[in-house]
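A, B and C label the chains in the order they appear, each numbered from 1.
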Amino acid sequence: MAMMRYAEALRAALREEMQRDPSVWLMGEDIAVYGGVFKVSKDLMEEFGPERVRDTPISEQTLTAMAVTAAMAGTRPVLEIMYADFLPLSVDALMNQASIYNYIWNGQVTMPFVLRTQGGGGAGAGAQHSKSLDALVAHIPGIKVVAPATAADAKGLLKAAIRDDHPVVFLEHKLLYNTRDEVPDGDHLVEIGKARIARAGTDVSIIASSKMVIDALKAADELAKEGVSAEVVDLRTLRPLDRDTIRASIAKTHHAVVVNEGWRFCGYAAELSATIMECCFDELDAPVERVATHDIPIPYSEPLESTVLPDAAKIAAAARRALA
Amino acid sequence: MSGEITLAGGAGEYMESATVVSWSAKLGDPVKAGEVVVVVETAKAATEIEAERDGILAEILAPEGAEVGIGAVLGRIADSLPASAPQAVTMVEAAFPAPATLEMPAIVVSGEVGRRISISPLARRLARQAGLDPAGLTGSGPGGRIKSRDVERALRERAPVPAVASAAARPLSSASTDSAAPLVLIHGFGANAAAWNTLRPHLDGGRQVLTAELPGHGRTAALSKPSLDGLAETVLAQIEESGATECDLVGHSLGGAVAAVLSGNLSVRVRSLTLIAPAGLGPEIDGAFLAGFLAARTPEGLQPWLDRLVGDAATLPRGYAQAVLRERERFGVGAAQADVAQTLFPDSTQTIRIAGDLERFSGPLKVLWGRSDRIIPQAHQNELPGHVACHSLEGVGHMPHVEAGALVARLVMQCVRSAAVA
Amino acid sequence: MKNSPTVEEQLEMLRRMVAVRHLEERLGELHKAGKTRGPIHRCDGQEAIGIGATAMLDDEDLLTSTHRGHAHYVGKGVGMHPIVAEILGRATGACAGRAGHMLIADMQKGLLGGNAIVGGGIPAATGFAVSLQMKNRADGGQRVAMCIFGDGAAQTGICHESMNIAALWKLPVVFVLEHNQYGLTAHHSTQSSVPDLSIRAAGYGMPSEIVDGNDVIAVHRAVGAAVERARRGEGPSLVEAKTYRMVGFSTSDVGGYQKDEDLAIWRERDPIVLARAMLADSIPAGRLDEIVAEARAEVDAAVEQALNDPLPTFTDHAPSAPYTIAGA
């Protein structure tokens, strides 16, 4: 085990997989010489050369489509899209290309590529650099979507994503890059599609992913002071969704708070809510409570931004409503 | 028009909940469309909600001070007041409806207003399993929604001992990962897992609790061997199934004897024993009670015998006798119980002995007894070896866990905690 | 002349062009008879490009096509029966009935594949080229990617992005612009500020050439040169092949926007007529008639067989199953 920052854990995953498999290569804006605007790929071009660590033009739409077919033709590209806010440019390639080929071509092709990006608010980056578009990508059949909350999962899931034979969108969060935790040494892999219990509890299940897990854990601390035992489920993978873990948690607590940093309407939290209704309706002792970002553009100024984003206090309040 | 007074988005687009500040009309007051009927307050401002139609304020579902979510129904406007005031929903056949009503649909319509009962899915399931009519329950959730706690409270209030069916809706578990060792509760003769409903709220919430069910009791008519060892084997199997490798045991009456027998088992280590008026410490037992309890066919014939269980007959809930009889009828446990009584307690005599088991048990061991016990004499406490802690409860009969739940829970947790320290 | 096809190669190209034309005619009939689903995009009059541009490709070379790709499919070597069966939605189709006529792919033949998002094939071929470049450098291979796209697709943003990246990274890709004058119903003059789109290649420092798209030999020569350049590792090229769409956008197009005089001029320049004329000196007419008859018979046989093939039954996609939701 080693204490590692989330960004370092991602870099370790990239380096290890590039060492292990010469068909793995990286592309993205400012990732090679500069090492990425969040420094995730720092020093990798020096180690692996400019053919395997490529700076690209600002051409997200084409780069995503290229990752799809490059993967089909025998290499394993890892594409960095600098901000999740730029994902709409990638969506044609994901939705009209990557999503369809394995199925409509009757299994003739696989597409082992990873699209890494980072989203999330709280940094004052404004309406075009703060979004969480989990629902946009998780909506697409055939695309796996992961969103780790810890450095250990960041490493283990990225390694698993690179080895996966199908498209994986890897969602990071700008406020997690500098968080640290223990990361297992060596070939640490985390299975895609498996949630984890970040904190065990008995009264209410808080289901979250990415940075919202950190907020959910803070909320659980607050609730514990009131005698409420909250269980925090860290989804880790948004698609395919680990229904079994959700079901087991709610069968225990009978109360659910679903949390997602994306917009509320038609957001990922809505999918969680519907899933809970489908798989554990008879376990519910209260309506599912949903915590998400207000349905407006994310404003710039701190008091405005913090009002629209979910946080620990809002999660705790939702838990209290569920238990009312 | 529905006549529902709802908390809609009008109170602010991003509002998630609001607090009811005041009702402008009283129940039964005539209201006109467009007239303010209720004021709610959000984090940002107070908002007035107007009546959408003319009529009479027929129901107030969210009283002043209640916190309500978006879309919640705060009250209803109707053409006339319902026959019975809605807050005091009548307890029609509340506790123990006829078996036919067990299959009642999720939506229960009662009263002239045609009001849909607001009940959580879990609460509805628990009520159905326990044979409770949701119409007879008072909801404590937002907008008067019936939650599982309301069902549990109703079960506690109405059927502490041999409750209807299996109130053990969550049979062998409740909570927590704090300890790998569950607290196992073993009920007495003629009762079932629901016997512990009054005790459980007083137990430390962090402990996982398993309520065992003796064969021939509750919903399990099958009885392989009517011996003490046979009963103990079944309970041990239930504990093993939970995956526990150690546990703390609490047993009442016959269940106390079962717990004592289990204390020396090699499969699941028993850390502590708390026995409540246990059987097996002396020959005497109230044979008249056993015979009368088993022979009774009507509530009137059973009630006098049940009164003997407790120090003060008033502590027994109404409807309890009916519940016992219906359980017998529905699950056919009467014959099995007669078989157990005939084998273990023939002719007003206990044939079972647990003194040796207690002698050998080295963990914390408490025996609790009510001074007014009329089923098994408290004098049996005098037979106990010196390492046993004895508690003698004033004004309590054969059912200390029902009659003095808080105290019994405190003593149980003392015993459990001292095992943890040891 | 360099990259000129041999007589044998010319005969094979003629055979394929005839087969494609007859396929389009048969599909027109089948569509009218209600035997096909959805629209059919025919390439009557454009066959020389799809057939001529792909004639020098190997199975390891990867081709991206369009929604109007029947000539590309045949040119890349996909069998007539799997194509027809796919268009008729049969279990025996190239993609077991999942793709339909616009999206056919055949991994074995390096066709990946049809693409009905206009312009979608351009970055797709560019992406293939990155992987092929890495593989070529690793094993000394000379694989190339090719994109056949239309004048409508040339107006997309991804066309610019892709050509810039392809030239920047010297990728082994050949862009073949099948300029048939129309984007759906809109004439190119209403969509492009310049009539000759290939001049844009200069903006990427990429060589380009304009050829008569109805002359299969000219197409073969120009594209062949571009393919060789790509195989040598010298980067991408653009070949603009001028042609004319002799039919409506699709079978659902009611027409009325193409001038009769234009259609008459281009009918005179039918690529099959031209290809046959160019062989007249070296091959007896009887032999050419035989080749035409064989090609038509192959299509007819494929249609008959496919019409009798079973329809698919729905099954969850098991082989790799990225589409399954765990626990659902």
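Methods note: a contact is a pair of C-beta atoms (placed from the backbone, for glycine too) under 8 Å apart; a residue touches a chain by one contact, two chains touch by 3 or more.
Computed from a predicted model, the values in this text were never measured in an experiment.
Viewed as a contact network, the protein chains form an open path, each link joining two chains that touch.
Relative to subunit A, the most remote chain by averaged C-alpha coordinates is B. At the centre of the protein atoms shown, by the Cα-centroid criterion, sits A. Distance from the subunit A centre to the subunit C centre is 39 Å, each centre being the mean of its Cα atoms. A separation of 43 Å divides the Cα centre of subunit A from that of subunit B. Our note on geometry: subunit B versus subunit C, Cα centroid distance of 75 Å, whole angstroms. If you check the complex, the residues on subunit C that touch subunit A are 62, 64, 95-96, 98-99, 103, 105-107, 112-113, 115, 117, 120, 122-128, 130-132, 134-135, 137-138, 145, 157-158, 161-162, 164-165, 168-169, 317, 319-320, 322-328. Subunit A makes touch with subunit B in their complex at residues 200, 202, 227, 229, 252, 254, 281-287, 294, 308, 317-318, 321, 324. For subunit A in complex with subunit C, the residues that touch the partner chain are 22-23, 25, 51, 54, 56-57, 59, 61-63, 65-75, 77, 92-93, 96-97, 100-110, 141-144, 165-167, 193, 239-244, 247, 279. Residues 14, 16-17, 67, 69, 120-125, 141-142, 145, 147-149, 175-177, 205-206 of subunit B are the ones that touch subunit A when the two sit in their complex.
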